[in-house]
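Lettered A, B, C and D in written order, each chain numbered from 1.
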Amino acid sequence: MDLNKLKEEVFKANLELVQYGLVLFTWGNVSAIDRENGLVVIKPSGVSYSEMKSEDMVVVDLDGNVVEGKLRPSSDTPTHLELYKSFKEIGGIVHTHSTYATGWSQAGIGIPILGTTHADYFNGQIPCTRDMNEAEVKGAYEKETGTVIIEAFKELNPMHVPGVIVKNHGPFTWGKNANDAVHNSVVLEELAKMAFIAKTIQPNASMNSLLTDKHFSRKHGKDSYYGQ
Amino acid sequence: MDLNKLKEEVFKANLELVQYGLVLFTWGNVSAIDRENGLVVIKPSGVSYSEMKSEDMVVVDLDGNVVEGKLRPSSDTPTHLELYKSFKEIGGIVHTHSTYATGWSQAGIGIPILGTTHADYFNGQIPCTRDMNEAEVKGAYEKETGTVIIEAFKELNPMHVPGVIVKNHGPFTWGKNANDAVHNSVVLEELAKMAFIAKTIQPNASMNSLLTDKHFSRKHGKDSYYGQ
Amino acid sequence: MDLNKLKEEVFKANLELVQYGLVLFTWGNVSAIDRENGLVVIKPSGVSYSEMKSEDMVVVDLDGNVVEGKLRPSSDTPTHLELYKSFKEIGGIVHTHSTYATGWSQAGIGIPILGTTHADYFNGQIPCTRDMNEAEVKGAYEKETGTVIIEAFKELNPMHVPGVIVKNHGPFTWGKNANDAVHNSVVLEELAKMAFIAKTIQPNASMNSLLTDKHFSRKHGKDSYYGQ
Amino acid sequence: MDLNKLKEEVFKANLELVQYGLVLFTWGNVSAIDRENGLVVIKPSGVSYSEMKSEDMVVVDLDGNVVEGKLRPSSDTPTHLELYKSFKEIGGIVHTHSTYATGWSQAGIGIPILGTTHADYFNGQIPCTRDMNEAEVKGAYEKETGTVIIEAFKELNPMHVPGVIVKNHGPFTWGKNANDAVHNSVVLEELAKMAFIAKTIQPNASMNSLLTDKHFSRKHGKDSYYGQ
């Protein structure tokens, strides 16, 4: 895969986060992986979106060594790497502090599946990770953030639930590439807002699993019939 | 009726949904009917609003057969067709997943009539459909979505209550043409937001039916005196 | 006073409502009075803001007779006239269905004074009118809407509390001219939103009247010291 | 320090408040201090942001005497001066009535620390000041507003918690310069919104202090490793 093309994709995906209103200042990062060569392209740490250029994207290997680029990679890089190593089918990852999704993560509650909008993209609740313990927080914190995410997916298929909220932190989403991960990030924020409204109106709101299965399979898998 | 003119109307109405902030990505569709020839013009499925052209609109007959157009029609087409067959006076239909209206549908509660803004357009509560059963979900799901909407209007005049929320799904609105249906869709979302605010402040909020009748008749029917 | 100048002022004030996001479609109206000649300039009924021109503004006398203009005046004209007749110091009036203010009016609760932002403009709660009775709703409804507003100000100075919310309807604001009334309309909507947030966080929230008096007098009256 | 450069900085910082949607009309002010000469540059009182020019900024000494400028300084100037005198490390101050932060101040409750977004900037709860007493409100009110803020920081480091909400009023933030104070003001409003959402979903929401310390130290102090 052409690394410059991947840098361009990751760069544009980062800017899309701004256009969709998901990030303030430098609060967010996108990465993508070249599976063939085991290289990950990620946003540099703390660089303003308005000054950032495609060539500022940093290339790291799966052990976190910088392979290309003059800037330091995002401080969340070890989290991204853990996810790439564990979730073999994903090609891109997005992390934001988008407002409603972060609200749910601060509440410490997974985003409940209440409607077909949710079921079109996520085949069930968007899980919230467990509290991290002292060793995890004081140790390799960003790597351990990846560990608790992976733990939350022990019995879930990350391609069927392409996102998570990290407790007291915020959302991570992924997809087959950077663009897809951004798309899921926009969707997750909208779902978080809709669920906030629904639960405020009716705390007991819930959804029939029949409908969940129907909508997920309508858009995904061999029987899908949505789109062209 | 000129089908190209109808395609242009439906195309523009779809774009208006984006301008009014009612749709993300491809989440929404507008259709209009040529009653004389029994033909329905509808948005194609899963096509990006920024790439869509007027000539991409699909023409189907009332049995759902594609009569004109190279793309697949919206996956919600069977729902639109049921409504056109049952509600003889409507000329256009809109479906969105607009945020607050979807919030109410996920709460499973009809949008209560609490103010004159609501009564100016909808002569009573905006109903929420019942849960769909297994046969309906696993069978001709999109057609059955039309069935449960029609069932909710057994004792309601669809021209007096030009919209509905489908449980755990989202709103459908209609009107004498595509434009009018979009207008009602924008109104329904605003009413959903106002009702959310009012009910959060005062869970017992309600409205005198005297005032409902006054406002609805001020804008509709033989005694109307609003506008030019 | 130059009527064309007043028409221009009223026209521009109507457009400002759109710019500040206070109106959807044709849901709002502004008027201003020429006290010397007892003439009121008001927006025509149901005319789109994008097509409206300054010369479309309608001139009526205080009995509601159209004195100048080819279009019908706003259906809310009789409410405006009642207020001009009763509140002798006001020069402009605005009516909107702005979202949060309408939310409070649908809740049927006056907007509580909770902060200095409120006290800078309104010297106390923004009152909510009482329910209108059958005779009022079925009779001269728009005129009676003025009556219930005036009743709510029996013991209030309309220049110290330049606005009201009409129960199950929406806000009216006023000021020394059309511009000032629009300004108060923008403020009232912001106060309604702030009060919604504060009361959701803390239902018992309240404000010390010492602070109310301080802030109101800092900006108004002989001891004011805000501004240039 | 070049006073004209400081005026330009303060002027631009004021305009940024508008761009970030933190102020309506003239509701907000930014100042910066030249520590060497003991001079403070601040926005004039009640001047429209669209007409304001860099040279309109007012220069006062730490006793509040106008040293340069034709306009009256912001009525909040005495509050700014108290903070500069007490918090020796700060170089810029911002006051706004931003919506969610003002909501919390009207609720009379400090903004709880619930997430890493908060901990990245504020090392703990954002405190809410106590009620002001009669002597304070009727006396040197704006100066006393500074006093109650300082009182709230008796046991807090203002560089670790660079902001406060004044009860029934609104937020003040600060930083090493005007720009930094504006940045903290934008952050505080976002934190206020996130905390509103989280507490509405889960009234018992809280955050582990381990995580607070980790995130604050990741961005601040000798062991920081965020950014370039």
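Keep in mind that, in the parts below, a contact is a pair of C-beta atoms (placed from the backbone, for glycine too) under 8 Å apart; a residue touches a chain by one contact, two chains touch by 3 or more.
To keep track of the chains, here are their UniProt names: A, B, C, D = L-ribulose-5-phosphate 4-epimerase.
Just so it is clear, the structure is predicted and the values come from calculations on it, not from any experiment.
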Relative to chain D, chain with the most remote C-alpha centre: B
Geometric centre distance via CA averages, chain D-chain B, whole Å: 46
Distance from the mean Cα position of chain B to that of chain A, given in whole angstrom: 33
Shared interface positions of chain A, touching two or more other chains: 196, 199-200
Pairwise touch network: line, ring, star, complete, or other: ring
Set of all touching chain pairs, with the criterion as stated earlier: A-B, A-D, B-C, C-D
Chain D-touching residues of chain C, taken from the complex the two chains share: 114-117, 183, 186-187, 190, 193-202, 205, 207-208, 210-211, 214, 218, 225-228
Residue ranges of chain A in contact with chain D within the complex: 24-25, 27, 44-47, 71-72, 75, 97, 99-100, 102-109, 131-132, 134, 137-138, 141, 168-170, 196, 199-200
